[in-house]
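Common to both upcoming complexes is subunit A, partnered first by subunit B, then by subunit C.
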Partner chain A sequence: MKVIIDQIEHEVDGKPTILEVASKVGVEIPHFCYHPGLSISGNCRMCLVEAGTPKMGPNGVELDADGKPVILWMPKPTTACSTQMSEGMQVKTHKTSKVVEEAQKGVLEFILINHPLDCPICDQAGECPLQENTFQYGPEGSRFEFEKNSKPKRVELGPNVMFDAERCINCTRCVRFSEEVAKAPQLTVINRGDRNYIATFPGMELDNPYSMNVIDICPVGALTSKHFRFKARVWEMSETDSICTGCSAGCNVKVWVKNNEVLRVTPRENPTVNQWWMCDQGRLGFTELNENRVSGPSFKGQAITWEEAAAKLSDLTGSVPAEEIAVIVSPFATLEDNFAVISHFKAAGVTSFVRFDHTAGSDDHLLIKADKSPNQAALTLLEKKAGGFLTGKALASAITSGKLRVLVSVQENPFGGELTSDHRSALKAVISFSTNLNETTSSADLVLPAATHAETLGTFINAKGILQKVRPAKILKHQNRSLMRETGLSRWDKHAWKYDKWAQPTHVTDAKPVWEILSGEEYKSAEQVFSRLAKELPALNSVSWSEIGTGGIQLEPASKPETVKP
Partner chain B sequence: MSSLAGYEKVILPDIPNLNQIEVYEKHGGYDGLKKALSMSQDDVISEVKKSGLRGRGGAGFPTGLKWSFMPKGDKIRYLACNGDEGEPGTFKDRQIFEFNPHLFIEGTLIACYAMGIKTAYVYIRGEYLKWINILQASLNEAYAKGYAGQNILGKGFSTDIVIHRGAGAYICGEESSLMNSLEGKRPYPRIKPPFPAQVGLWGQPTTINNIETLANAAVILRKGADWYSKIGAEKHPGPVLYGISGHVTKPGVYEGPTGMSLKELIYEVAGGIRNGKKLKAVIPGGSSTPILTPELVEKATMDADGLRAVGSSMGTAGIIVMDEDTDLVDTLHTLSKFYHHESCGQCTPCREGTGWLEKVVAKFAEGKATRQDYDLLLKICAQMEGRTVCALADAAAWPVRNTITRFKEEFEARMADQDKKGWEYSMKAVSGV
Partner chain C sequence: MFSFTEENLRLIEAEKKKYPTVESAVMPVLWIAQQQNGNWLSEEAIQAVAGVLDLSPAHVIGVASFYTMYNKQPVGKYHLQVCSNISCSLNGAKKIIHHLEKKLNLTLGETTPDGLYTFSEVECLGSCGTAPAMQVNDEYIENLTTEKVDELLKELGK
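Moving on, here comes the complex of A and B:
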């Protein structure tokens, strides 16, 4: 059907609302309470527009003297978020209607009369729809000259979320999210009128596994992250589009970095993967990207150079026949890393490749998957190349029986669970490629520091078979040029100099992507590894690196892969 | 113009113990229901349409038309009877509960029959505990006699009537808020469309009617639409309960035809202004309807057209009379306080506007207001009116707009001294953000 917004005609399908059509055709209609992932509440009144429908006469649409349809305008402005469009409907936004412009100014003036206006100390400043809309559509001043209402501040709604009732504009997005999406109705509005604000129900906490999404959808700084509050102004951070590796859901995220330190991770919209959401656990898993890192190679606890490390690696793996070497591959590492590992050791004659299982619990109603490792599907693709995988149990008994005597662990922690100190003493040598310090790095002979998913570029395949990229958000000491091109840098980072905190050795890790450690000069970039493996693996034959983009590709073994989102 | 002369009371007739079912039956009680059950459902709705009955809950919507919006078919559907009676100056549904509860029950059953409804909820404000008990007793009688419940009067039609006690919020009287409250939710009014006739209680088609409206439906079926439509004003006919309060000699609820002159109601029916004082102002239909000056009172008749002609509306016919000693600034302050207290807080303009209005009106009450404040009040009203989910914002803005414009001198007299000069001031921002 045809509809007209601000005198421009658009062709639309289905029964969309005015706001849906407007955002599709690029007409901005400011709003607060509307969120595409939630039910319509229509209460903020920010999206008011004028709307009218053609007048129907006995012979169809009535025309005026100029041959244009006569429009019956609604007597009052209506909410764009809740009004469905119909054939021939006409809409006037603030661009063409004084009434709408005045209504928007009025709503913003009203919102601000009791708002604390503490933007200078508010975490939301810089990414605040209230700030942005006020700047663009608000009145130039306020005529309110009374004391503002005071309401509770610093209310701990739950383990992860802090609430400031004075900043709250009662849009109820968080209430609707908890009820409709998280299916954990823990929040409600209490009190009436301008005394009302959000609270948890008596005896409840906002502690559902998705609780922190309310922080993202809060259009003001009323809901903030206990873990991120006051850590940084948003414009000081760089944001890098990547994916979460907390489980096999592969939620799309933005990784926020300041001083080469990840300060927060927020969900990034992807309709086929995670819509607008992510779980709290995935969101809070970033501390291991900053802390407890393996930095620089070491042999028996002594720091060594990368060249010495390479020599040690061939010494140790050459000290026993290849059949006595076991290599643990990793569902936490990229497809490229695993491909490089299998290629490298296969070439050396290794036949025992091991893969650990990381399932726990069951899938939930929304995103969280029982499989806690992000890249099992990639290992499955490599299974044939590896000649099958041993399980953790089989590995343990082969070590006990003395069949396997050198263990190479890639981004796994076998001595944190599957293997014991008895196994350790039965082994001649242990080599660990690891991002973080753990039981395995402390008992390994040779430790090779691996880049985390926040420092590398590579692909993961989620539980739905969607191939997606992780992208480097932090820099490494020896930054590979191909990584640098992808790293999101803020203005802050770009203009830093050597005395800045992030440039200090303590703020950069000496680590490399595993494929780079193993391949030496063979590959220059993850992209090169990918094009090699795409040729080798039938499921990826027709996939090109650039096609993956930031939205991923659905892999379908039989048919041609289709792009999920550009 | 209609008058009480020769008017025969039908809603609250002077019959002792009419709340007892035997007495009620003796005076034609439940005849309307019997008649309705012998008609087709559509014919009952046509009869109500023909009568010209308009809702008595405040908005004056034609009742028959509202009933006809209910979809056909066997989808589960509900009737919600609105006995929240929250509008200041309104206390008439209470009289029906006390003196003629069966008339309301009968009307409710007729409505249920006409719309194929099997469950009716009567939502009564919590403070009305006494009347809730009276209604429950009457309802028990109606069940015992087979007028309500299963297989009513052996005609195969069944309806249950359930009383729900509210918890004390004005907003719960707004129909969609009432539905949320009945569902056990926070009583935020719902955004329309969808209208209740499509998506109402628990997502099912629902009709909401005021208690007095339903009582009138029973009268229409008993006496016929033709008889009914001849009572009172032609375009807004029927008997109506006038709740007269304030500075009159005999305040109370009086039944009369629509279209009576406001003067007759004040000076004859309610015995005139107390202590021989002069009249200063009248609010004709509950606190949100625009206030009338004595000149306008002279001309006003109590029906939709008559009140529109004087720039007001019928509302709930709760007439608030104020004598010459009334301080209208204080009166407005009280009203603004009420709406500020009762806004549900959902919509930005209402949540913030009601509080702001109250604060500025308070400045007038304290003698600290300026000319800017006067203009500001009108601006705030304009930013609220027609911008919200429900009509509470309008209900809060109208008394302010109309009181300060129709009684401008009173507000001017209460301004700070330096501001008591000419009216050339034009609005501009008076402070930074």
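Moving on, here comes the complex of A and C:
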């Protein structure tokens, strides 16, 4: 059907609302309570527009003297979010209607009556729809001369969410999210009129596994993250489009970094993967990117250089026949890393490749997957090349029986569960490529620091078979140039010069992506590794690096690979 | 711990049948709970309502807190609700309120220590023709004068 917005005709299908059509054709209509992932509430009144439908006579649409349809305008502005479009409907937004412009000013003046206007100390400032809409559509000032009402502040709604009732504009996005998406109706609006605010039932908490999404969808600073409060202003951080590696869902995220430290992770919209949401566990898993890191290679606890480390690696793996070496590949590392590991050790004659299972619990109704490792699907693609994978159990018994004497662990922690100290003493040498300090790094002979997913570029394949990229959000000590190009930069990073104190990055780790450690001069970038592996793996033959983009691409469902037992 | 009586559970089932969704039955069921619980809604009573209707307690407290006639605090045996809307005010509701305040030694919204009276100010009782008016529990006392109030208190205090 044909509809007209601001005198421009658009062709639309189905029964969309005015707001849906407007956002699709690029007409901005300000709003607070509307969210594409939630039911329509229509309570904030910010999206008011004028709307009218053609007058129907006995012979169809009535025309005026100029031959244009006569429009019956609604007597008052209407909410764009809750009004469905119909054939020939005409809409005037603030761009063409004085009435709408005035209405928006009025709505904002009312919303701001009891809003504390504490933007200078508010975490939301800089990414606040209320701030932005007030700047663009709001009145010049307020005519409200009385004391603003006072409401509860610093309310701990749950383990992760802090609430400030004075900032709240009662859009009920959080209430609807809890009910409709998280399926945990823990929030409600209590009391009435200007005294109302969001609350849980007394003695109960907002503690569902998706509770922190309410922070993202809150259009003001009423709901803030307990972990991120007062850590940084939004504009001080760089944001890098990446994916979450907390489980095999592969939710799209933005990684927010200040001074080379990850401060928060927020979901990024991707309709085929995670829509607008992510779970709290994935969101809070970033501490391991900053803390407890392996920095610089070491041999038996002594720091060594990267050249010495490379020599030690070939010494240790050359000290026994290749059949006695086991290599643990990692579903936490990128496809490129695993490909490089398997190629490298396969060329040396190694036949025992091990893959651990990280399944725990079961899939839930929304995003959380039972498989807690992000890249098992990539290992499945590499299974044929590796000649099949041993399980953790098979590895343990092969070590006990003395068949395997050197263990290479890539971004895994075998001594944190699968293997014991008895196994350690049965092994001649242990080599660990690791991002973080753990039981394996403390008992390994050679420790090679690996870049985390927030410092490397590479691909992951999620449970649905969608190939997606992680991008470097933090820099490393010896930054590979191909990574540097992709690293997200904040305004501070871009405009700083070397004498600015705040431009000196801290938390810089001396680590490298595993493919870079192993390949020597063979590959210059992750892209090169990828183009090599795309040629070798049939499932990726038609995939090009640039095509993956920020949204990922769905791979053809792979045929079940044959498992080869060594 | 609050739990509905057998008879009230039957009443609740009847209420539920009247509406297409259970959400619609929240208000009558809250009313039943309030009557059973001595004219106020404790947190347990609200949870019991949520329980019988299979709704979240948060949703039910949202409804209960919206309406002032659901008492979220315990009230006295007699809940004196004096109307102070325009017709009653024009006919001397403020005088009645001050008189009651002095007589009962209470400010608005309080309950006497013996638990006999709770005294509150309410919006229009719809009794403008017989203003000033007051509601004692579910009964209307109309055309109030200070003498009439004294008489009433004497009666109730027996």
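Note that in this section the second predicted complex is superposed on the first by the 544 of 566 C-alpha atoms of A that agree within 3 Å, B and C clash if a C-alpha of one lies under 4 Å from a C-alpha of the other, contacts with A are read in each partner's own complex, and residues count from 1 in each chain.
The rule is short, and it goes like this: a residue touches a chain if its C-beta (ideal position, glycine included) is under 8 Å from a C-beta of that chain, and two chains touch if they have at least 3 such contacts.
The model shown is predicted, which means the values in this text are computed figures rather than measured ones.
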Combined model on subunit A: subunit C and subunit B, fit or clash: clash
First (subunit B), second (subunit C), both or neither touched by A:Leu48: first
Touching partner for A:Thr188 - first (subunit B), second (subunit C), both, neither: both
Partner chain in contact with A:Gly203 - subunit B first, subunit C second, else both or neither: second
Subunit C versus subunit B, contacts on subunit A by residue: B
Which superposed partner A:Pro139 touches (first subunit B, second subunit C, both, neither): first
Which of subunit B and subunit C A:Ala534 touches, first, second, both or neither: neither
Touching partner for A:Ile113 - first (subunit B), second (subunit C), both, neither: first
Those residues of subunit A which subunit B touches in one complex and subunit C touches in the other: 188-189, 191-192
Complex contact set, residues of subunit C against subunit A: 43, 46-47, 55-59, 61-62, 65-67
Subunit B residues within the subunit A interface of the complex: 169, 171, 186, 188, 191, 340-356, 359, 372, 376, 379, 382-383, 386-389, 429-433
Subunit A - residues contacting subunit C, complex: 179, 185-192, 199-204
Contacting residues of subunit A [partner subunit B, same complex]: 40-46, 48, 75-77, 79, 82, 102-103, 106-107, 109-114, 117, 139-146, 149, 169-170, 172, 188-189, 191-196
